[in-house]
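Below are two complexes that have chain A in common, paired first with chain B and then with chain C.
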Partner chain A sequence: MRAVRRISVFLAVVLLVGLGAGGGATQEKPRYGGVLTWFDYGDPGRLDVAGIWSGLLHWDPDDPAKITGDLAERWRASPDGKTYTFELRKGVKWHDGQPFSAADVKATFDRILNPEFKSPKCGASLKPMVASLEVLDRYTVRFRLKAPVVSFLGAIASAWCRVAAKHVLEKYGDLDRPEAQIGTGPFKFKRYERGNLIEWEKNRDYFVPGLPYLDGVKQYILVGAPTQLAAAKVGRVMLWDTWPPMRKTQVAELARARGNEIDTYQWPVNAIYAIYMNVHKPPFSNPDLRRAVNLAVDRQELVEKALEGAGVPCAILDPKLVGDFALPFEEVAKIAGCRQPKDQDIAEAKRLVEKHYPNGIDVEFAVRAVGNYLDRAQLLVGQLTRIGIRGTIKSYESAAGYAAFGKGDFTLIATQDRGMNSTDPGDVFHLVYTTEAGSNYARWSDPKVDDLAARALRESNRERRKQLYWELQRHILSDAPGAVAVGWVEGWFFRDKRVINYKPAKTAYDNNTFMKVSLRE
Partner chain B sequence: MRALASSLRCFGARQPLGAVGAAIVAVLVATAVFAPALAPHGPKEAVFTPYLAPSPEFPFGTDHLGRDQLSRVIWGARLSLYVGLVSVVFGVTLGGLWGVVTGYFGGAGDNASQRIVDVLMALPPIILALSLMAALGQSMNNVVLALAILLAPTAARTLRALALSIKESPFVEAARAVGCSHWRVIVLHVLPNTLAAYIVLLTVNIAYAIVVEASLSFLGLGAPPDEPSWGAMLNAGAQAIEAAPWMFLFPGLAISLTVLGLNLVGDAIRDLTDPRLRGGLG
Partner chain C sequence: MRHDYVMRRLLLFVPTLLGASLLIFILLRVVPGDIAEILVYQTGSESSAIQQKQVQQIRAELGLDKPVVLQYVDWMRDALAGDLGQSYVQRRPVAEILKERLPRSLELAVLTIVLAVVWAIPLGVVSAVRQNSWVDYLARMLSISGLSLPIFFTGVLILYCLVRFFRWLPPLEFVEFWRDPAENLKQLIWPALAQAWYISAPIARLTRSQMLEVIRQDYVRTARAKGLAERAVVYRHALRNSLLPVVTFVGWWGGRLLGGLVIVEIIFSVPGMGSALAQAVAQRDYPTVQAMVFVMALIFLSLNLLVDLAYGWLDPRIGYS
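Right after this comes the complex of A and B.
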């Protein structure tokens, strides 16, 4: 009897240990195989798909707050901080079998840094920083900066600064077409069906041994919030980690439908929500009219209604992402245009409009028909009607909208989110507000902004840098800018619990290579 | 006045469903005409709390942007009626004239014109309307134009068939025999005899035009986004179908009732004007 009891206890202990170990193993151990499904909100303007490319550096998939090597094995800065040398991995192959070398890095960044080449993300960040790039040997490159810049590595690690193949660029000129989708990343381009999906397949020659775990990734093109939500509710997409984020009502609906099969979370998108006015076209060529709009826009209402509260109104910088580089809320809340109640600012805005247009003015509000931009545009029409600017909405398909905005073919863009490259406080100014900013659709040029942004970029003393950014924010919020900062965008996302080891990055798209992601059975 | 009341009573007795339809249409027309007085708030006034459920203050609730749904449904009646009436009057009139004239003259011109009608009728209506809107751009007038183009071929085909039989009638032969010109015959003898069919086409197609406009707006290619179109309201409601079912319920009801009313009236008019269906003559 005692023997039976001993055996029973022994078996129970073995069972418990086994179960514990097994449970731990299923939590941690990645599994090979499976296809991850997610989506994009529209056909891409360019086919440079995340998982296909690698960067010199990237934000660590295991710790998205940390920069780590990708194609670069090691890197070092010179003592004066003006040069950065990158030693590249050897034996890396492009998806077409060609060897990767420093010549590819040079071809990529020479193209991006070319003043004639439009690169609204990577180029906009790097052009103010980088003077030149040289190849030291087959596996070493050196960037010479115009001045020491603390944010250089963050910019290089951005998902927008991936490395392309020299021979592909020479052959096709750009990366737009399917044949040009040749990277060194964990996945290879498989197919693109316009309006339907982009499919990637596992790169079996990926330079990180053992990765990726997934057999492939399917990125559906899902236009319209009801379609996106329906796909999430039936489990057709496993991940919502893309712009536009879900709204509170949507996430509640999804949670009811999927219960404990998913994790939902609120997360900053690292994007600014802006309204652009074309400063080269009447009426917004007149600073008084821009000032009027800047005063009249009720940011709090827009964030509350259009983002269902998931955002930081009036923020040019989000303190959650850049800490005290953001102008303190207490000060922002007192600035004309941002302060509440709005009566005084609306009266002043109305006076400014009446001064030039006693009977008010009709203006076309351009907007890309993506996300909830049409809702935002409608709210703006209502707000500006109060000061005599009567808006009619003209909606564009996503890519057509970008094309029109890029050519300056608009009077006012009712809403446009601009995602940052990194969490550096300088990004927003070099992407939206400086004369050469990649997304300066308004074509606004203010010497004070250019000067402050350039000085802040080169400033190594943190406190002085902070003061420069504060001054920039004060100036933009209270002047007559080409782009009115409505606020900083946040939102809700979800992850299917089958997806293992996916950690969202602080900047959209930074962790979308899925190199370490795997799927449970 | 007494005569009108008597006619209405008579209509109600002979076409009870038609009378119900007429009552619905009368409410729709009154709502559209008196929208500024009836709507408690502006249709674009986004000043209330979003997603408020129906209550005494907001009988139809508020939408996702904090607009009063009742006001938007009321103003939506005006938009729907405008689009329905104007597009149908244009489309059916121009299409009808096209059919009558080409049918009357016949020959190669008629043949060519019928092939164009074939082509237009072969295209699925909503695809044709979507393509036209994509090409023309989003505005109320372009919705009207797209719908008119959509409706013209059916009117042309229907009224041409009538014109073919009318032109063989003895009274047309008599008119020609006394020296009337072709155009005089068309204007004075053929067109008046297509009037009943024309009126039926008008009434039936208004409902159709309203549904197509709502469909286009639902798909984001109809009325401009801020206009209170019932279709666009349905689209917004579809995005919060669980959180705020009133957002799609009321515009959906408005569309259904309007189409029901117009179809009932159209059927009644058809019955009254068709000798085979008219009571007492069969």
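Right after this comes the complex of A and C.
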């Protein structure tokens, strides 16, 4: 009897300890204070990455797959799905003390939706959807859509669609300069030392009581990969989660140096890796030549070698992000150009090139000298030489490359990743493939693509929408597109275990407000 | 006589500076991509009639639609009036950027030169005095290694060793010398060391070869014969007369360094002028590049003049006619 009692006491203690430990591991109490440090690989184009601005909606920091209210307390769609009404929080203040109201929301989205305003992310998503925006009262706004669009809320929740202050927009005209960094978010802009660091401090008037936990965030500008790695190894930077991802070998080296002090993980960066051909310039004005490239590019080799395996070859949509909207792998693997082995497709590609250029052709491959783009371009040169397209690489500094691509001053872009605005399956088509797409560098215009993309955007029946996207993917993969989809980009990242409650979102920047992040002592 | 010489040299600055500024002005406009296009297309958006209109608007605002000669005349007129213009990218006066970045790079350059000279000249002397001994071989090996290892490799090697053996890294947040000298030196000593190792190699080799030549001169033999201590012979008689080409070389390197520090500035995260210049070139920020190149040319010319004046002090036989 005594033995039974002892065993019972022992089991009870074990159970209690176990529960306590388990609870502690999953429900660690956030701690106030501390400064989170991370880095960027160059001076950023935008200074708001650490939560200066809030959105109407955002992806839940506790559950990045879920949309929740941010500046909007409540929202509702009309029965026909063509209008969305947002009721805004009251008592919210901008960082300069001015009150927030519906006029700010209208000023923000009127600016983004203005056809004369360049907004390749939020604008590219919203312009095909939104007809107009009206202020119903000081704290209510209504969006009128061109047609019912199921992905509207996802687009509005994107980090690229945050709300700016009307008075700031009127004063500065844009949000690029440090003085214009006035938002309603959990952190206020503190200082920017160009080439060295950006610093944000806690917004003590943040509209969510008790948040944020951190005193501030510092982002160092670390241009060289060895410097970034060294900083991570000694714990001076606590996380990296966006483009360009770290290399597999770098992450392995970091894991060896830091052991169990960090978590490393492979994660999609929600970007497509594309090869663009200018359809207004020979030789790629000829669909046969575009078809030849589409057939000859060995996506598997590029993903394996250039991305060190971190990617999904031939994917126009990544199943990890959009689920069954992505064309099933079994079908993709049978499509000409994507199938293995490549012999049959290369022979056909070669025949197409020889039909127009019996002695082959010399083509300049433009590439921005960022990340590992030059390595990718070299691989492509090797692949296309097999079909008679002899490439010479012309590298551009990052900004000059964008300028050349934007103007159409290129023949072929050997590689370019395009990050999505949201995880909606329609994003990639409105960003890269439709005639009006924000990054349709190829100037490709295919009525079938435009029609399918527009119909899919308006389709509210999930199954029918899925079929439309499948049809789009089949068409682009097997036709003569302006942009060859090499695949979907993933990468390796790390997070210091001192960082609590940091949950990577599916789209870069969506998780970077750090509103609920805290640091262990 | 020396006064006339200095005046003449200062007057020669004018055509040289004009030439340098004109050259960089033209080169910047020859390379593909201008600032207006970069500002409009930097986010990766595709071209459209609207964006082409925006490019034209920006060009007009910045005066880039004028003929290049007129642009140059405008710039030179403003520069002579003390206005170096506004940075298109940073949207603040270029003079402000220079004021911020130049002292950092100058400090790094001075530190580099001091480290290089302090290390390389004694190394060259010892190497010459103990010619063909193991000390000489070791010194030559060190020199050769400094010369043959590229700076980016040396820089990364230093970073690697600091992390690997001390689990320590120089501060990532730059602190000005006047605010916290210790913290500032903790950051700058390492890039200075990487750069100094590279330039100390030719200085050591040059010192060695000059010393070997001078040490065999009659007057050195005379100095020894009259019973002077070997240290006095080497340092007072031989070294001083060996230093002329070394001084020229150090002066030349000092001038080059400001622009050449870009690699170590990037590796060690020092926001100096080299990295700012590289960035400005990449973004076609014409006013910033022009002003920086102008200042660098001015510093280079001034250093050369100082080196020439130092000759007279090192060798009284040299005149300034």
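Simple rule for what comes next: the second predicted complex is superposed on the first by the 488 of 521 C-alpha atoms of A that agree within 3 Å, B and C clash if a C-alpha of one lies under 4 Å from a C-alpha of the other, contacts with A are read in each partner's own complex, and residues count from 1 in each chain.
The rule is short, and it goes like this: a contact is a pair of C-beta atoms (placed from the backbone, for glycine too) under 8 Å apart; a residue touches a chain by one contact, two chains touch by 3 or more.
Owing to the predicted nature of the structure, the values given are computational and were not obtained by experimental measurement.
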Contacts of A:L374 with chain B and chain C, given as first, second, both or neither: first
Partner chain in contact with A:A231 - chain B first, chain C second, else both or neither: second
Partner chain in contact with A:A336 - chain B first, chain C second, else both or neither: neither
Touched partner set for A:G382, first chain B, second chain C, both or neither: first
Greater chain A contact set [chain C / chain B]: C
Which superposed partner A:S439 touches (first chain B, second chain C, both, neither): second
First, second, both or neither for A:P120, with chain B first and chain C second: second
Which of chain B and chain C A:L169 touches, first, second, both or neither: neither
Contacts on chain A seen with chain B and repeated with chain C across the two complexes: 224, 226
For the chain A and chain C complex, residues of the former touching the latter: 43, 45, 115-116, 118-121, 176-177, 193-197, 218, 220-224, 226-227, 230-231, 233-234, 236-237, 257, 396-400, 402-409, 416, 418, 437-441, 443
Residues of chain B defined as touching chain A within the complex: 44-47, 50-51, 64-66, 137-138, 220, 224-226, 236, 238-244
Chain A-facing residues of chain C, complex: 31-34, 37-38, 40-47, 50-51, 54, 90-91, 156, 159-160, 162-163, 167-169, 172-174, 266-269, 271, 275-276, 279, 281-284
Residue numbers on chain A that touch chain B, as the complex places them: 224-226, 229, 249-250, 252-253, 256, 305-306, 308, 369, 374-375, 377-379, 381-382, 385, 392-395
